[in-house]
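Below are structures written as structure tokens.
Next come two complexes built around subunit A: one with subunit B, the other with subunit C.
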Partner chain A sequence: MEFVPPVIDYAVVWPLLLVAGMGVLIMLLDLFVSEERIRQWAPILAIVGLAASAIISISLWNSGRSAFSVAGGPPMLVADNFAIAFNIIFAITGILSVLLSINYLQRTGRDRPEFYMLMLFSLGGMMLMGMANDLILIFLALELLSIPLYILSGFASPRPESEESSLKYFLVGAFSSSIFVFGIALTYGATETTSLPGVVAAAQNGTTLLLLSGAAMMLVGFSFKVAAAPFHMWTPDVYEGAPTAVTAFMSVGAKVGGFAAILRIMLVGLPTLGGTWATAIAFLAALTLLVGNILAISQTNIKRMLGYSSIAHAGYILIGVAAAFNNPNGLSAAIFYMFAYAFTNLGAFAVIVAVEHKEGEGVLLENYKGLAKRYPWVALCMAFFMLSLTGVPTTGGFAAKFFVFRAAIEAQGLIWLVLVGVLTSVISGYYYLRVVFYMYMYEGEGQIVMKPSLASVIVIAAVATLLLGLLPGTWFELARQAVFHSVQSLAAGG
Partner chain B sequence: MPSVVDINWYIALSGILFVIGVLGVLLRRNAIIVFMSIELMLNSANLLFVAFARHLGSLHGQVLVFFVITVAAAEVAVGLALIVAIFRTKKSINIDEINILKG
Partner chain C sequence: MNWILTILTFLPLVGVVAIALMKQPEDGSGDDNIKYVAIATSAATFVVSLLALFRFDATNPALQMVDRVDWIPSWGISYFLGVDGLSILMVMLTTFISLVAIIGSWSAIKDQLKLYYGFMLLLEAGMLGVFLAQDLFLFYIFWEFTLIPMYFLIGIWGSSRRVYASIKFFLYTMAGSLLMLVAILYMGITNGTFSTPDLIAGREAFAHAQNILFIAFFVAFAIKVPVFPFHSWLPDAHTEAPTAGSIILAGVLLKMGTYAIMRFNLPLFPEASYHYAPLIAVLAIIGIIYGAILSFAQKDMKRLVAYSSISHLGFVVLGIFALNDAGIQGAILQGFNHGISTGALFFVVGLLYERSHTRVMAEYGGVWRVMPVFSAMSLIIVLSSMGLPGLNGFVGEFTILLGSIGAESLAPRPWIYTAFATTGVILAAIYLLWFFQRIFMGPPVTETVKGLAPLKRREMGILIAFLLFIFWIGVAPAGYFHLMDSTVSALVNDISRAALALTP
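Right, the complex of A and B next:
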């Protein structure tokens, strides 16, 4: 057997290399540069790496390039518009999370460069999730995404809450990835290949019990990652115990990362995928919506509440996934939803970081009493983020929900799911607007910590949420192109 | 050629190992044992990969095993460090006693 070296188009790998490479650079500089200096430079380097990665990703838009094609087979890594859209979400998430962490870490005395290093590695894993076109790579990406997050959620060690959150996240995460790996093994046995196009092609020639159980186990693994009910139990605990900056990062990054791989599988299978799985995913979505929204009502800790809220949002994204079986617009709607969710949630968490004046204090809903009187602008932004999470018109959250619901209605047979979605949105209004109510209707005292880096996150997030809400058509068109161009380049064989 | 074992036996064996692992995770309370059960689940998948690779005559499965082993090693490093850190604070690794966060 002759060895054929794989075809590598390095332009495709650069966005990834920059992010992970910057992480390695920070790790090395930590050894050679004085502590004072590396503390100042680590966040700057992280932001530079992420921005460069985003710019290179954008320059690849519409190019449909791919890399690591072994012996003329399907490529393992693709940089189609779909992957680029996700790269941009992750770069934005990364930059905002770094900005949000700078002051938080200084304040809590945990300002260590390895924080940014771990964040960059995790972001590298997330980007790989969107670009991976092979089950081996998806598995690697999943682990690269998760392992740094386990460490990050325990970053406030020896605080017992943080350690507990880290151990819980680790055990559940490792458990779910072993289920996922077993699913890959069964799928590989059934289809003789690990490349996504190959698996999908084999699936169309008839499903066997092996393939069915393999796919089901992979779905379970993903559901753990994106916190879809009934695999959500870890989410509130982990979100509450982890340092707030980390919670912000993983509430967006880990979730969008999980969905990137799910949507990639849908995208590859799009032209011919049958409706067998649509019902399963629709039920998963409905259950997730109900569990997330109903359990969020009784929470008094805002981090925990946003933990349940993030479960609920996974449900709305899953509506888009379920719709995508009949209607490619479902995929675009899901991508748009994740953009809106990323900005809104990071903005809300920036306010939470500001209100948490001392580590672990100021995270209760009571601490928001009277915020509007003392800090009108911060309260206004927080109210805006809460309205966006509820889905009130003129916010990005509304446009996102609208597109997801529209895609589900067009897909036919999913009207009941849209009804569940609308009803649970009404429920969610109760707990989101309660925050607004506390801020505006009560008297209260207490300080917040506001630093330029934190303020910039709030402003960027608020402006982006507003823009997504006011000009939804423009942005949705981009999301639509991301999906359709990718489908075409897949159909063209590359 | 030695007698060839049917692929179904391998599937059954790794299935049984996997279920033992899942039960261990769900039933045992010691964090280390839970962790070992997770490793058992990963290794049952490895067994399946190798068996399929042999059965199908393709190399993909064998390569995947290397990835899984490497990642599992990374996971062990992080996991044991976490368990040690928790033990220092709580003097216990019983996961029923690690319960500050709830509600």
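Right, the complex of A and C next:
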């Protein structure tokens, strides 16, 4: 048999190459350049790489290009609008996380260039997750995303909390990866292909028990990644123990990365996937909402609280996923939700980094007492982020919830899930507002550390959250195009 | 676009921005400037609302001065403001009460002034938005938005149990409104539009679910009013809030609930309105009597006024669900009256509290001997709240009772409802006179009372402004009724026709 080299459209690969390449560059420079200089340059290089990647991604908008198509088969890598939307989320997440880390690392004396390198590799994995059109590639992306995160969680070693966090994350992550890869194996056994369109096409000819169990195991693997109940146990511990800058990064990046793959499968399989899955995901969503929101109530450590809150938000995104089974708007709503969540959550974490004046100290809710009097603007922004996470109007968080609920009502038969979402939002109001009333309604003495890089994250996040809240239509239209254009190009390309 | 309503709604935000950019030196030298900016902004807003009032054509039942542009066109969401007979009085009430509350805070609020006045103005913008928005999505945004400034006003500048009261207020209201959001979404999706007039025109599309939709809307509004049994947040919030917060809560925020019932519940779900009218009327009457009895039992004078609000708002709800001209007109006017009278009562209580730092009635007595002019003015306010003929409260209550006794919605025996409601008037006389007697009559009991400082000119001015409305409405209410007349008739015609079409 003659070897046919795959067709490679390098424009598609560039966004990935830039991010991962910049990571390699930082690693190499570390060998040759003085330590002083590389410390200064590593974050700048990382930001440049991410920004360039975002710009190239945007230039591919509406182009529907793809790469690595073997012998005329379906491509392994696609750069449709859907993937581009995710690339942009990841680039934003990356840039904000780098800005948020600069001062944090200097302060804690962990200012080593490999931090940014690991972050870039992980971001490369996330982007690959959104672009992958093949189960093997998704698995590759998942590992590329996760392994740097395991190391980053332990970056504060030898602090025992950080080491514990790293180990826990690694064990659970490895466990979920193995379940996932076993799912791929079963699916391959049932359909004789690993390409997503191929699997979906094979599934149309009738589902077998083998395929069903394969798909179920993949869902479980993803549920671990996005921290959906009942696969969420690791989240609060890992979030609490990891260095705060890393927690910020993974609370958004890892979650959105997991969802990128779930949504991609939904996108490809939209016309054919059956109703049983909708019910399964709806129940998963309801459970996640209840568990996340209820357990968050009693937390006194803000990182832990946001850990549970991130579980809850996975639940809201899952509402969109469940709705997507008979309403493509569900996918758009989920994408919009992740945009709003990324900005709001990173903004909130920037404030947490500022309040955590010494590593591991100042992360209790009590440390927020009296913040409003001494730092009115920081407190105002934090209050705004908390209200956005609650979903109060004029914030991006509200618009996001509105779109998700709307999609679910439109999808018929999911009103019960919307009611769960609505009532758990009320519960979430309690614990988010607790942060606000510690800041505004008590006296306190705490200090914060505010540096320009950190302040820029807070400002960008606040402005973006406000814009998403005031002009939701404009942004949702983009999210809608991201889905519909991709659906069309899929239909055209077969 | 006419712009006037847009300017009206967002003018307070200009003041918010200005205040945010001002410097507040530690020594308090910049404090007065902040207050002046807040007062000027609020006064300017009041003037703009007067302009809107002059341009308002009372003979036209439809929405006027409409501002409408597409916002999220693909989903039929638009930025849509308009005013008609249901809302014009509420708009005036909002701008008036906000101005009074801001002036009245001059000496009461001493710390974090920038934040305080910023939130007051944000609240004003939010409330105006609620009364002017004609698109359900826009309305919902304003409706929820008013929670944020009020939450901070109670939580930061309130008294001892403020944190508990503020969070209870927030969560209670949010729970109700989120259920309404689900209903709004459902209707918006079935009809492809969120604009209220379009939804009313196409209400057949969701008529099959109207009972449940009606309940989702009604509960959200009933919590705000509050209608028994959704009232338990109110005494806490009113009591713990700073004086200006209580004035705005009682004066305007509660009216948002009654206004929204008239604006949305009645025309969107006419058959359901008829269907539930007797049940809601019973709840309203329980509220009237229960609120009055609880008022009587209070030791804290602010709590007494708070419970009296539950009783008074019961009348308003009863009037609405009489579903006839007299009932609804009375309800609107009584809403306005309650804003004036109870706002004034909270101001009176606030003046006393600022001077003696206690709200316990037992520690007062004999204030008349010390502050005769103030006491005489307070007496008129108390009498107005009681519904004495010749003052504003009487006109509203009388019209409501008139409406309820002839209400077809409460058939076959509407007079029973009227009879029970009337007992509320008697109970009001008891607890209010008792309140007045304990605080103002007799000899001065303590040194604090003997040493009460006389009224300042600013405080006197505010009281006179309140009294002006009390007498004006009491003596010549015709002008007020004229403002709402045509819109209310159109509404009543519309819902009774719709309901008649259904009953065989």
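As a convention for this text, the second predicted complex is superposed on the first by the 493 of 494 C-alpha atoms of A that agree within 3 Å, B and C clash if a C-alpha of one lies under 4 Å from a C-alpha of the other, contacts with A are read in each partner's own complex, and residues count from 1 in each chain.
In this section, contacts are C-beta pairs under 8 Å (C-beta built on N, C-alpha and C of every residue); 3 or more make two chains touch, one makes a residue touch a chain.
The model shown is predicted, which means the values in this text are computed figures rather than measured ones.
**Q** Should A:419 be classified as contacting the first partner (subunit B), the second (subunit C), both, or neither?
**A** second
**Q** Going by the contact rule stated at the top, is it subunit B or subunit C that touches a larger number of residues on subunit A?
**A** B
**Q** State whether A:394 touches subunit B only (first), subunit C only (second), both chains, or neither.
**A** second
**Q** Regarding the shared-chain residue A:41, is it in contact with subunit B (first), subunit C (second), both, or neither?
**A** Once the two structures are laid over each other on A, A:41 reaches no partner at all.
**Q** So, does A:61 touch the first partner subunit B, the second partner subunit C, both, or neither?
**A** neither
**Q** Quick one: classify A:175 as touching subunit B (first), subunit C (second), both or neither.
**A** Only subunit B; A:175 stays clear of subunit C.
**Q** Between subunit B (first) and subunit C (second), which, if any, makes contact with A:236: first, second, both or neither?
**A** A:236 contacts subunit B only, not subunit C.
**Q** Once the shared chain is lined up, is A:184 touching subunit B (first), subunit C (second), both, or neither of them?
**A** first
**Q** After lining up the shared chain so the two structures overlap, which partner does A:441 touch, if you call subunit B first and subunit C second: first, second, both or neither?
**A** Once the two structures are laid over each other on A, A:441 reaches subunit C alone.
**Q** Can you name the residues of subunit B that touch subunit A in the complex?
**A** Going by the criterion above, the answer is residues 7, 11, 14, 18, 21, 25, 31, 34-35, 38, 41-42, 44-46, 48-49, 51-52, 55-56, 58, 60-61, 63-64, 67-68, 71, 74-75, 78-79, 82-83, 85-86, 88-90, 95, 98-103.
**Q** If you look only at subunit C, which of its residues touch subunit A in the complex?
**A** Per the stated touch rule, the residues are 71-75, 77, 112, 114-115, 140-142, 144-145, 147-148, 151-152, 155-156, 162-163, 166-167, 170-171, 174-175, 178-179, 181-182, 185-186, 188-189.
**Q** Residues of subunit A touching subunit B in their complex?
**A** 136, 139-140, 143, 147, 150-151, 154, 157-158, 160-161, 163-168, 170-171, 174-175, 178-179, 181-182, 184-186, 188-189, 192-194, 210, 236-237, 240-241, 299, 301, 304
**Q** Can you name the residues of subunit A that touch subunit C in the complex?
**A** So the residues of subunit A touching subunit C come out as 372-373, 376, 387, 392-394, 398, 402, 405-406, 409-410, 415, 418-419, 422-423, 425-426, 429-430, 433, 437, 440-441, 472-473, 476-477, 480.
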